[in-house]
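What follows are several structures.
Below, chain A partners chain B and then partners chain C, in two separate complexes.
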Partner chain A sequence: MSRAALLVLADGRFPAGGHAHSGGAEAAVRAGRITDAAHLEDFCRGRLHTAGLVAGALAAAAVLGVDVRELDAAADARTPSPALRTAARRLGRQLLRAARASWPASELDALAREFPKGAHQPVVLGLAARAAGLGPDDAAYCAAYESVSGPATATVRLLSLDPFDATGVLARLAPAMDSVADRAVAAARRAAAEGVDALPAASGPLLEVGAEWHAAWPVRLFAS
Partner chain B sequence: MHLDHTHSGPAAVSADAHRPDGARRALRIGLGGPVGSGKTATVAALCRALRDELSLAVVTNDIYTREDAAFLLREAVLPPERITAVETGACPHTAIRDDISANLEAVEDLEDEVGPLDLILVESGGDNLTATFSKGLVDAQIFVIDVAGGDDIPRKGGPGVTTADLLVVNKTDLAPYVGSDLTRMAADAKAQRAELPVVFQSLRTEDGVADVAAWVRERLAAWTV
Partner chain C sequence: MDGVTTTGVRAHARIAARADGRGGTLLPVLDGAGPLALRRVRSTGAEARVMVVGAMSGPLGGDRLALSASVAEGARLHVGSAAATIALPGQTGDEARYDVRLDVAEGAELHWLPEQLISAGGSDLYVTTRAELAAGAGLVLREEQVLGRAGEEPGRLTSRLTVRVAGRTVLDQELSCGPGAPGGWDGPAVLAGHRAVGQLVVVRPEFAERPVQAQALGECAVLIPLAGPAALVSAVAPDALRLRGLLDEARSLLAA
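Take a look at the complex of A and B:
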């Protein structure tokens, strides 16, 4: 394996569609819940410990070889908002395209056949990491980082926030990302032994509610 | 690159000229250019000119609304199932150049759902003079500028003006009112583009899109050989 593959997969410029999504930040900005860097940090910390933890565990479990159909169903069950389920599948489909071009593997081809309209993004992320020769911890880190890097970048565009402040938020969240990735991998190992019910089911209700509200707007900058 | 030679399943890389079932896919033509230059009007006119002879569909990339798709739907240039809007997250050039996955899915879904198609027009959100389409997304691109945006744009150049397969200078009917010198624009475009074609058009005139439609037919003839 090449550890540097993690840098390729986690790069914000990896062409997997993430640039069009705000991770809930657009709804939070409109609702007045994010107005500056301090609020962005609170928002990201909440997202990391809920959506980020669940995504990390799903991705790590996929690397460990847990059945992808079960993982995909587990992701559905942990995503109350239909708009977020749609967005997760769309992003999964986009990531799968980029992953298959980057790390050709029969497992990824099989996933494309099984889910022509996309599996949940964290599940695809796990299989992509596996195809790249990465481990469950790498996949969990990638998911944890994505759960906060997306909103941070989007908020720079939405609020004209100072990009250095937004990057500072991400840097300050690094220890929390370490801990979330550790918990995600531990949960994934339990899921590999005991089944997907052992995966975490943390959820931020405002993220789910905000996603439904956002999906109904006629005018918006981001797809979710 | 055609990954399906070694792996089964749908093609991963969609510059491939063939669809997973082996059939040749539709020709994809991108239309880019600054805000307000007449991209959507040109797409609408092309649809009207070509829809009786070709099976076609449109993908729009609005920056923050669905207005371009809504305009095409309102004008009824095509049935609604042949028009898809892609959301671009505040970066229209990213969606057509750096991360084309959402647009690729839109064109592939159109071929699956309303195909077979001869031609798909991919319209960019209004952007700046550096916006160009990835070769992984489109087979040819048209850059649309207009005389009212300043007659120095061809001289300024930039990737859109210098490298697009076709440069369209739109709204020539406005030239006398905005003081734009069409002769100078033509000379500057020639200097920037050498042998690449340039069309001056006004969609206010009867069959104003005829030259662009003829260029599209030529591209399609070359594609289907």
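Take a look at the complex of A and C:
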């Protein structure tokens, strides 16, 4: 494998459309729940241990070869908000386009045929990592990092938060990201042996509630 | 095996409902166990009604409690509880488990509407609720968790809710909160200081063709269609009373 491929895949400039999404931060800012770097850290920590853990496990399981239709259905069951399901599929479709251009593979072509409206982004992320020669831990790290880097960057724009403070938040979350990636890979291995019910289902009620509230706004800066 | 051991109570209560063939519902099995006593109460029409009555306090740390209900084809069962369930610390400091298993056959309907689960300070409970529905089965299920009694810090509570319809998982959600839970549980992505959290799941065959419209019920609750013939109301509130108000409002919207 090429370790540098992980940097390409995890780079915020990889053209997969993630910059248009705030990971729930825009709703939390509007609700007055994020007003400074400390709140941002608390938000990111909660998102990492819920949506981040689930995304990491889905991505790692895809690398391990768990059936993508089952993983996609498991992602649906773990994403009750239809606004978030739509966003995850849109992000999946954009990521798939970038991944097919970067690491051509028949598996990615088959995924595009099977899910014309897009598969859930973490499932695509796992197959993209596999096409790039990366392992389940790489995919889990990528998903865990994305679950917090998106809200952190978005909050810089939403609150004019000092970018140094936002980066400090991400750096302080690094040990938690290590532990989430480890738990995600362990769960993915159980899912490969026992089926997708073994995947984690951690959820943040306010992420789901906020996503629907946000989707109903006539004007917003971010798509989700 | 059921019974009281030095580490806690082992108890498995069971309910089975079946149609009596004359438009009513029989309860061939109504076996309470340990702290879970079961009483049949008066009902009108086709449904049978059961109340879960707390026969001793619990679940306490170390307890292993289970409650199963199965509703056979054409039967209608309504299960409520006489009072809130309070998770309390045990003598050993071990985790308590409470596993609820619900099976609903084709053409059958289950209303599962217990009172709140309150996580008292120092308690540690892992509760799972798993509903397995056949195609054409109906369900109204409410779950409410309250973090701590009045003015009290909560215990540790993890709650997983899984709903399967015709072999497909339509909802799988786990919430972990209280001391020792993964970080950020009380932050802006998860509970943000709210002390009551609840879900109402309604499964109806007609939702497959005509799903509910997603609707924000204020800033703290939402009504959403799941990927399957089901609707979910998810809500957080400052306390149990206001949570019940949100869920009742949503229930009347769904006429459930």
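By our rule, the second predicted complex is superposed on the first by the 224 of 224 C-alpha atoms of A that agree within 3 Å, B and C clash if a C-alpha of one lies under 4 Å from a C-alpha of the other, contacts with A are read in each partner's own complex, and residues count from 1 in each chain.
As a convention for this text, a residue touches a chain if its C-beta (ideal position, glycine included) is under 8 Å from a C-beta of that chain, and two chains touch if they have at least 3 such contacts.
Keep in mind it's a predicted model, so treat the numbers as computed, not measured.
In the model built by aligning both structures on chain A, chain B fits alongside chain C without clashing. Once the two complexes are laid over each other on the shared chain, residue contacts for A:Glu208 go to chain C alone; chain B is not touched. Using the contact criterion defined above for the overlaid structures, shared-chain residue A:Val219 touches chain B, although it does not reach chain C. Look at A:Arg78: by the touch rule set out above, it reaches chain C but stays clear of chain B. By the document's definition of touching, neither partner reaches A:Ala140: not chain B, not chain C. In the superposed model, C is the one of chain B and chain C that contacts more residues of chain A. In the superposition on chain A, A:Val68 contacts neither chain B nor chain C. After overlaying the two complexes on the shared chain, residue contacts for A:Leu127 are found with neither chain B nor chain C. When the two structures are aligned on the shared chain, A:Ala191 is found in touch with neither chain B nor chain C. When the two complexes are laid on top of each other via chain A, the two nearest Cα atoms from chain B and chain C are 20 angstrom apart. By the touch criterion stated above, chain C contacts chain A in their complex at residues 160, 162, 168-176, 182-192, 197, 214-216, 219-222, 224-227, 232, 234-236. Put simply, chain A touches chain C in their complex at residues 24, 28, 31, 33-34, 39, 42-51, 53, 73-74, 76-78, 80-83, 85, 176, 197, 200-209, 212-213, 215-216.
The part of chain B that touches chain A in the complex is made up of residues 1, 3, 6-10, 12-14, 63-66, 87-91, 94-95, 98-102, 104-105. Residue ranges of chain A in contact with chain B, taken from their complex: 13, 15-22, 90, 93-94, 96-98, 100-101, 104-106, 108-110, 112-113, 116, 154, 157, 218-223.
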